[in-house]
Every structure is written in structure tokens, then in C-alpha cells.
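The two complexes that follow have subunit A in common; it is paired with subunit B in the first and with subunit C in the second.
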Partner chain A sequence: MRDRGFAVGEALLAVAIALAVGALFVLIADDSPATAYEALWTSSVGSTNALAQSMTTAIPIIVVGLGMGLAFRVGLFNLGGEGQMILGALTTAVVGHALASLPGAITFVLAVVSGCLAGAAWAVLPALWEVFLRVPLVVTTLLLNYVGALLATYLAAYPLRDESGGSTLAQTAEIPSALQLPIIVPNTPLHAGLFAAVLAPLGVLWLLQRTSLGYAMRMTGLNRDFAETGGVPMKRTIVTTMALSGALCGLAGALLVMGQTYRYLDDSIVSPQTAWSGLAASMLAGFHPLFTFVSGFFLAALQTGGSGLQLATNVPLQLVNVIQAVIIAMVAVRLWLGRRVLRR
Partner chain B sequence: MSDFFSIFDFALILSALRLTSPILLAALGGLLTDRAGIFNIGLEGQMLVGAFLGFAGLYWTGSAWLGLLLGVAGATALSLLFGLWVIRLKGDPIIVGLAVNLFAIGLTAYLTLPVFGVQGSYDDPALEGLPRLFGFSPLVYLGALLVPALWWLLFKHPFGVRLRAVGEDAEAASEAAVHPDRIKFLACGLCGVLCGLAGAQLALSLVTQWVQGMTAGRGFIALVAIMLARSHPVGAAAAALLFGLAYAMAVRLQGIGIPPQFVSMLPYVLTIAVLVLLARRLRNRPVTT
Partner chain C sequence: MIALEGIVKRFGALTALDGVDLTVERGTVHAVVGENGAGKTTLMGVLGGIVAADAGTVSLDGEPVRIASVEDAYAHGIGMVHQHFRLFRRLTVAENVVMGREPRRRGGYDHAAAEALVDELGRAHGLRVDPRARVGELSVGDQQRVELLRALHRAADVLILDEPTAVLTPQEAEGLFGVMRELAGQGRTVLFISHKLREVLTVSDTVTVLRRGSVTGVRRASETDERELAGLMVGRAIESAYQAPDTPAGEPVLRLEALTARGLKPLDLEVSAGEIVGVAGVAGNGQTELAEAIAGLRPREGGTLTIAGRALSDATVAQRREAGLAHIPEDRYARGLAREATIAENLLMGTHRRRFRLDRRAMNARARELVEAFDVRAGDVGDRAATLSGGNAQKLVIARELAGEPAVVLACQPTRGVDIGAAEFVHAQLRAARDRGAGVLLISADLDELLALADRIVVLYEGALVGESRDEAELGLLMAGAHA
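Let's look at the complex of A and B:
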């Protein structure tokens, strides 16, 4: 428990430093940090509606953060959460639309499962290259982000484009209403995907703490050589971990489509840096699934506040991306300290 | 099909050489940090800052050369910050490199509005980029000259010997009275300079404009070039040429009516394919997952 208290203190320190750096950037944009942070606060948690908006934004961030964080805990730098999430979102949108004539429940299950599978496939590929060819997956997952994003844009702009509404944006057709997650707080965007964001951390925690696969995963994360000597089937553990990691990222994309956009909307994931917010949240939480929920909400509130910030002041909303990067840089130093303590 | 073959002409080679240049410059920079034992995924972010500040310098002063200088200074500062975090504060290079990239994306997107007064991208036809000598910017020639120069530095000069010693075994190197940290910082500084030049080639020569996120993964492609070449300058140049050719082909294929997004995938798909097909070349090098 003492360890955990330490981590919370470090996380708060990282956030404080990042917000201070953010204040400097507000000064560059020729505005007052007090006004900017007040606007950020008001539009992120200042009212019921803002709070619900932040919680809605948090849903995919938490789930994609759990996915990427799961791989990181096992010592696998899955930097491809973005591409995995994009393919999950696109697949859910396309399958949901294509199977609209089936009974609602069947469409629902097939659409969600296919979204997870698409994300998993995009993560298993680099895992197999890593395991059998020793191609570092940190590089291939990064490159696959670009391939995934361009592939999705191409599909949404040409073969799968929604021609009905005359929209100028590249987007697929709307998913059937059976697939659209119900709003749980009236007059706000907050949808039933929240339950997934609550259950997923519990599921990951259960996996890590209560199953033999989770035990193998944790041991691999602590010391790969030691785990292998101790009988952990390394190749299988790496591939399975990446599959689960990618499936969670794909689920995050599915939740975005079913709860917010109701279709695959081009560039609904890359520009808001949803996947990277998720990773930042996971790192801030020390890769603990339950704390990821809290830090995910915090980073989502920052995102939501960023839009309000841009409306109320002349501070661009990308301020939150700067803050997020500083948080990761600060946490990077702590991660290493944690490892050193373990080694000695 | 005849359309496809029509893109292979002399102009394609010229365009490939221009597009090779930023990848080559970044690869040569990253090769130095790699030789010092630092796996550097932050090349991408350093290039992006180089491109942004390079173009901002041109916008402020009207001189592409001063822009180049500013871009190089900015990229170097960021690279030294990366060095501080990795060498002194002992952060994990991959996570710090990721932070560098995200910081660069956020920083440049954030500053676009206060600097240029618009969001996204900025372009002013009155602004003139780097001059061209026989069709190429001076940076293309510089990149070509740096290949033998870096080979000499790495394998013939005492600095190169020390750099490689530090990368292979920092403790042994420090016993031999080499200061590993000093060498590593120097490598980071030089890497920043080269990435700044790479960014300047993008924003001051290939095009003369600022576009948000305009490096678009070129830093990661440069990283692959380093891996395939096992950090040898000549091999890195060969790999960079291959990827430059892919970029040039992508530009031309758009011209014959293939959808741009589809064609833009070509450099990334090719990079992954080469990485997987030549995976055996990667062995014997320190595992960097």
C-alpha cells in the first residue's frame, strides 16, 4: 500500500508539472493562465452537461488505455493502439450496417466481436513478426498506425462512403438503431458504453490477478528471461497478450462508433489523439487497471475542456496535447525508478 | 498497366533523390544515437520541430537560411532535452522518445495559431524556400556528402571509436577514460542538428509551407533504415533511397488517378515489408523491444 501511495503522489506531481508547463504555453499565446484554466475547468467539469461530456469522452480513452497498458505491463511496447482502434471502429461500423437486417441482438454481438477481432488482428501481426522474426514490434506497430489510418480513410472515402446524406466528409453509412447505445443520462451525450468502461478494468484486473495466463503475463513483464526459465511459454504469451491488447483497442473503437458517432467518421480518432490519451492515462496510473479509470477520466476532462478553452479564449485546444506529452515525459522518469528498485 | 509503367522516367529519379534527402538526414542523425546505445524513436518529433521552426523562421525573417538555422536550433534543443531525460534522468528511451514525438505534435499544432494566425497549415506564395542548385536544394548534396563523412567519423576518427565503445559497453568505455555521458550528449546534439536539417528539407524545399504533422512518419521510416543498415551510413543511404523512391512513386501514382490515401500507404507498407523480409539482417543487434 505504501508503494501505491507513492505512485499516486508521483502521478499528482507529474500532473502539476505538466499543468505548470501548460501555463507557460498559455502565456506564449498571450493569454492569462488563470482565465485559461478557469475556462478549462468550467467546460470540463463545471456543469452536469460538461461532466457528462467528459465522462463520454473518457469511455474510449479508458478502454484503449487498458489495451495499450496491458501490453506495456508485459514489457511489450504496443504503440499501435491508434491503428487498432481505427480498424475496430471501421469494422464495427461496416459490419453493423451490413447486418442490419438480422435481429438486433445478433447484429450487436457480431458487430462488437468483429471490431475486437479487427483490432486484435492488427496487433497480432506485429507480435508474430516479433516472435518469429525478431522484428521489434515497437517499430512495426507505429508504422501500422499510418497504414490503418490511410486504409480506413480510403475505405470511408471511396468504396464504403455514405452517399445518402450528401455529406462532404468521408464517412460510412449510419449503423442500425439496435447498435446505437442508449443515453443513460437524459439530455447529455453519456451513453451505456460507460458500463463497458467500468467492467473492462475489472476484467483486466481479474485476468492479471486470478488467471494463470495473467500470472504468466505479470512474470513476463517483470523479467522475461526469468519467466521463460520458470516455464512460461514466451511466444504464446506475447502473441496472446498482443491479441488481447489489440482486442481492447478495437473495442474502444467500437464503443466510439456505437455511442458517439454512429458511423465511422474519418479522422475521429487521430486528431483528438484518443489512443495516445489512453496510453498517457495508463502510464499515469502505473498501468493499474482501476486507476486507469480515474486517470482516463482526468485526461478526457482535459480534452473536453480543451474545446471549451478554444471557444472562450484565444488559446488553441492543442494545449492539452502539450500537457499530455509532458505528463508522459514525467512519468517516464518514474517508471524507470520503479524498475530500478525491483532490480536491486 | 501501361499507365503504371509510364511513371518510371528520369523525373521520377530526380524526385526520388529529393524525397530521399529528409529520410537520409534523419537516418544519419539517428544512427549516431543508435551507435551510442540509445534507441531513438524521437527522430520524428525532432524533424517536425525542425520543419515548423524552419518555416516559421522564413516567415519571420524572409530568409530561408535563417529559417534553416532556427529549425536546426529547435530540433537540437529538443534532442538535447531527450538526451537529458534518457542519459541523466535515466528514462526509458522508448517512452521518452514517444513523449518527444507527442510533445512535438502538440507544440507545433499549438503554435500554428499564434505564429501564423491560422489553424492547421500555412502557405504564402511570396515566401521563397531554399535555393536550388541544378534542381536540388543544397541539403540534398549535404546529405550525400555526409554519408562518407559519417563513415569516416565513425570508423576512422577517435570520436567514432569512443562513440561505438560507449554504445557497446559504457562501463568498459568509462574505464578507458572516456566520458560516456558526454559522448552520448554529443551524439544527441548531432542527431538534433541532422533532424533539423531533415525537417528544413521538408518545409523549405520539398514544399515551402507548413502543414500540421507534415513529417507523417518519416522519422520512423528513417529508424527502419538505421535498423536495416545495422547503423552503417552506406547501408542507411541505400535503405533511404529505396524509401525515397517509394515516396516518389506514390506522388506519381496519384497523378494517374489512383486514390491518394491508397497510394500514400505505399512507403509505409514497403517499409514494413522490407523489415519483415530482411528480418535476418536485424539479428545480432541489441534487442530493442
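Let's look at the complex of A and C:
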């Protein structure tokens, strides 16, 4: 199957060039690229602990990337993954805490579902604006990131703030233990959310390739006029796609809360740029769900390795940023070229 | 006299030209016709210095010459206007025309002289274009004039025009034919490539027919007709005469009562089961709007629409299709298919909603049946639709739309840009749809097509239906707006 013009070979080439550029920077800084990359390797995948750490970081990146990528596949530039993820995280944390007295399984389901719904709502809003008011979705989704982040900060700092521990941080109360995902590799942070990161890509692939809704979505992405002429209801498809996309982003937030922070912790999503790493992973994967798992893990490993690199060598953490930036730039150029070719 | 002898050109395993002879008298318009891929462009490229032949000779007035580059061709007074324009959109008309041969003053480019020169040249040949206009802002017809002026400025005695009318409106084409005749009258030679036989017969003196890289005939235009030329082009007799239906038309299956939408005046129209109603008109008189209004892609502003007895004035596209409407869109790549989707996926569109699960095996099996039944020349149904040639892409659209035995077929420009063989197939399919009882509304800019297919022909002019006729002269008048 040949998807939106980004073959595996090209992705690998982008990565190779980025690593080469990174090596050049290390040389300029008068260091040995070999040592630097060795340190990067060791501290990202070189030990069980490092590997587990990388995989843990990858979980929300993969799921949020999957969500944003799903919208992109349909030609909807959902840049609001960050806001949708924040809303999902906050809602899961709050609902989980509020329903702590119910049986564990029920709390669990309701908390996860409400996190997905919150993410979906934050994505459906701009979809409705686009469909009924013709306000470009690419702008509104982006702006809603700021609204979502500020709203969550306010809620976590004031009305929903955790007063119990006397903490000075803006954070909500801890979720009940029934909601805390079990660690699956002892003495590492890797939690059961990994299963979601494995199953979600399969689910998205199934949706796109094996259901008529997914077919309509893909055809809309390939040629919207064609789909419309064939009877695909355009408004409904846009709203549905954005709802699914937002729900996945919300799920990414829920997984972060249930697997890592156990509460909504202010700025646990914006500063690490989780959503944007997700989009980069998705683009690098040519928006293919299964490849998104691989590229998401790769970018996460790069980030994990960055910290180790700084400890072991004189090379600053920024090397990782250089590598990531080069990859993203090349992928973006390639996609832009591909679109131009397709339009001809 | 311009003579090409024994020209052979191979592209890898493909022999594009297989020993072609072409003789052109100076001071005439000489047409080269043939289906897409026959080798017309390649042959002209040999004369224009763009294609290097593997064998054969070119001689001008008895002298053998070597034309190895475009500059060589110009040196021999040969200029080519390409199928796809090669203009600088951001430069002015004058700049484009004189590029490479600029008038100079004190070492710099002389704007005023260039503009005067282009003005003069345009006047002399009836090719008026504002020399100061930016090319990117011109209509396609005007851009073509710029290409012609450029070739003329380079003192071309022999002008090669590669499918110049493909992008023109009928009026613009008429204008171009005038220019071509005039150039020939001045003693220049015009080589005219086309696959539209009607215009070839009106404008040229001699016609050379190419088929699969070989010449299949040379005829004087006055001594041949479309039928013979079409036969030479495809290598067999072509059935293009009108065939009346065996049974009279039945109940109305498509009815428009005072239907209006943006760009359309209130329209009344009825298409009955078992008839083909043609809609004639010069492009841009509401054809697209009419099709979209019927298909459900353009909101209704008034009136009513009935399909197969069901009132569907404001129905969605899907509801209309459900009621039995098939839609062959005018631009197959814009609305007819998704180039990056597979052939099977393209064939599924419209029928995919039946179940939530998508059965890929059933989808592929059905696609294989349709590809077979509608003679779509395709590799595998899993290949992208972009791999299909224009004619086969259109067959794909036809296959999808006609497979469900629709009650109403809305066919828009169904043979635009496809070769004769594919066009003939499309026509046969539309006739077959009519004969099994469908009502066909055929919107076409090609009058020949309408006369060959339609049982009734109505004329669309400035968004209104202005009359009905089957007489060619009368239709021409109606299309030009000469109704009471």
C-alpha cells in the first residue's frame, strides 16, 4: 500500500541526514561524534531501564500523534492536539478523583471515556466552526491550544487545586489507585498504557482500511470533491473525523495522568511539547498508524537519550533538538513537495 | 517543400515513430492527426529540434539539413508552439515575445522598442494582445497568441502548432483558424496537430494521419471526410451516425420545474425513460451549474427537482444517488476520481455505505468484474488510478456510474480529452443505458457528439434554456444567443 507520498526509505533517509547534521555540529563543537552517539544510544535504549524510560515517554507521543495524524489523513489540519490532550488529562484526573467512591472498574471506564470525550469536544468545536461558519480549522485548532492550556492552568491553580498535601504546585488531587496504571517492568516507569499505544495504531488502521467510514474518510482526504460527488456527507465526515481525532488526543492525556503523573500537573504537556512530537512522529510516518508507533518511539528515545548525553559528555542536550529540527524540516518540505506534485 | 523521410524514434522498447514520411508544401496548412500516443508530438519534435531521431532525414526545399537543437530549427525558420505553454507568467507579453532576441538600446533592454515591435507584429497577423499585460493575467487564448507571436518574432516561416485548440473556446479556435489561413496566405507554412477532425477539415489543405507511429494515409482535405479520417486513425470503421431508439420514450424520470440555483435562470426540463436529451451550449453558459444543481452539489434557490418520481429538490447527493441518479462529472480528475486511491477504491465510491465493515475482498472482486466488463485497460485493481491513461480513467468513471443500472444518467462532457476509441466506447455505453430504459441527460460542448447521440437537443445560453432543435445551423444560432 502506498500512502500519502512518504515511503519508509525516505523517512530513513531523513533520519540519516539528521544524524549526519548532528554529527557535524558535534565536530564543530570540538567533540567526537562517535562518543556522543554512543552516549545517546546507551542512555536511550542501551539498558532495560533506559529502554523502559524511552517507551514510557513514547506512549502519549504515539497516541496523540495518531490522533492528529488521523485528521491530517482526511485533509483536516488539526493543530490542536495539545489543547485536546490537556483537556483530556484534566478531565480524567478530575472525574477519576470525583468518582473515587464507585467500584474501581466503573471509575476507570468513566474516567477514560470522559477524558476522550473532553478531547473530542475540544476538537469538534473548531470542526463546527469550519463547517457552518467557514472559519479555517487550522487556525482555530491552534488558537484553542492556548485557551485550553490557560483554562487548565487556572482550574488546577484555583478551583480544582489539591489542598491536601500543602503543595505549592498547580495540580489536582491524586487519582484513586484503581485508576493508576500498573507498572509492567519492575523498577522502571513503564506502565500498562503501553498496551493502549500498541492497540490504538491497530485500531486506527482497522478503521481506515476495513470500515466504510474509514473509506469515506480516506477518500475525503485524497480528493474532497470526489468524495462529495460520490455522496459522502462532507459536514458529517469532518465533524466525525475531528471527534475521533480529538478523542485520541484526549486519550493520550488520560494515559499520561493514569500512567505517569497520577493527577493533572500543570505544564506537564506544554513544556515537553508532547503533542508536537506526536505530530512530528506522525508526519515522519507518512501518517501511517503503524509507522507512527515506530517513529514516535524513535523521537521519544531521542529525548530520553538527550539527558544521558549531557551527563556523559560535553555535548549539550541541544544536539537532540538539532536532530529533531532537521527531521521535521525535511519531512515538512517533502510533504509540501508531495502536495504540489499531487495537485498537478 | 519540407520533407521528412524514414523517421524512426524509439523510447526504450517503445517505437514511437516507425519510418514516418511527411511531405509538406510551403504556403499551406498541413494537419497531422492521430489518436493520443500516435506519435504526433514526437514527429513534430524531430522537425522542431527537440527530439533527436534514431534514423531518417529532414530536407528543406531539397537540401538535407541537420536540426539538432531548437536554435538550429529557428535558424531554418522553424518555430514550434507547444501543447503546454512555455511562457514566463510574471513577465509582460512584450518581454515574453522578444526574450532571447531583445531590441537593445545603449546596451540595455529597450522596453519601448519591444512593445512597439510586438504591437506591430500583432497588427500584421491579427494577433492583438496588450504588450504590457502580464502573461499570468491573460486568458488561455491570449497566452497562445503570445506563443504564436514569439514564434513569429523569431522569423518562423514554418509554424508548428501542437494541439492548439485543446484549450480554446470555440470562438477562440475560430479566431486562430483565421490567423492560420492568413499566415498560409502570406506564404508561410503551418503544421497543425489535432485529433478533432471537424476543425482539421475546415482549416487545413492536406491531412497526414498517424497511427501507432506509422502514416496510415495522406489526404487532401477537400477530398476526404471525418468518417474516413477517423477510420484511418483507429484502423477500422467508426460508427458515429445517430441511431434512434427502438422503442418510444416512456415516463419522465428527471423533471426540473423552474429550478434555479446561483448562475442559473429558472429551468424547465424533462428527460424520459429511454431517451437521451442533449444540452448544447458554448462552454461557460451554465453547464457546470446545471449539472451541480441536479447532482445535489449546488444549493437550490427555487423550483423543484424530481428524480424517478421522487421529489428531491433539497436532497443530499447520497439521497439522489439512492433514487437512481448516476453522475459522470465533467472533470474526471477534479470530481470523477481520486488519483491516489486504488482503482478498486475508486470503483467502490457511492456503494460503500451498505455495511459498516468494508469487505476488501468483495471490493476487489467487484472491481475486477467491472474493469473486465467495461474494458478498462489497467494493471491491477490495487494500482493507483493515476496510472490510468485519460481514456481508461474515463472508462473507470463510466463503469462505476453505469454499473448499478441507474434510472437517470447525468453525463457531463463524457468524452472530453479522450481518444476516438474510448469516445466510441463511451457513446455505446450511453446508448446502451438508454436502450435499457434509463433517461440520459448529456451535457456536451461537442455538437458532433450531441448530434450523434441525443434524441432531443436543448440549448443552454447564459444560464437559461433558450430552445430545442436537431438542426445544426439552428443550434449554432441558438448557442450564439440568437433566440427570439
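Quick note on the criterion: the second predicted complex is superposed on the first by the 298 of 344 C-alpha atoms of A that agree within 3 Å, B and C clash if a C-alpha of one lies under 4 Å from a C-alpha of the other, contacts with A are read in each partner's own complex, and residues count from 1 in each chain.
In this text, contacts are C-beta pairs under 8 Å (C-beta built on N, C-alpha and C of every residue); 3 or more make two chains touch, one makes a residue touch a chain.
Values in this document were obtained by computation on a predicted structure and should not be read as measured data.
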Who does A:Gln273 touch here: subunit B (first), subunit C (second), both, or neither? first
Per residue count on subunit A, the busier partner among subunit B and subunit C is B
Have a look at where A:Pro316 lands relative to subunit B and subunit C in the superposition and call it first, second, both or neither. first
Per the contact definition in the header, classify A:Ile17: touching subunit B only (first), subunit C only (second), both, or neither. neither
Does subunit B (first) or subunit C (second) touch A:Ala178, or do both, or does neither? neither
Please work out whether A:Leu169 is in contact with subunit B alone, subunit C alone, both, or neither, and reply first, second, both or neither. neither
Identify the partner contact of A:Gln209: answer first if only subunit B is touched, second if only subunit C is, both if each is, neither if none is. second
For the complex, which residues does subunit C have touching subunit A? 295, 297, 316-318, 320-321, 327, 329, 334-341, 345, 348-350, 352-358, 360, 384
Could you please specify the touching residues of subunit A with respect to subunit B in the complex? 25, 28-30, 75-77, 79, 129-130, 133-140, 142-147, 150-151, 153-154, 157-158, 273, 276, 279, 283, 314, 316, 318-326, 328-329, 331-333, 335-337, 340
In the complex, go through subunit B and note every residue touching subunit A. 41, 85, 89-92, 94-96, 98-100, 102-103, 105-107, 109-114, 119, 216-217, 220-221, 223-224, 227, 259, 261-262, 264-265, 268-269, 271-272, 275-276, 279-280, 282-283, 287-289
Touching residues on subunit A, where the partner in the complex is subunit C: 2, 4-5, 209-216, 218-219, 222-223, 225-233, 342
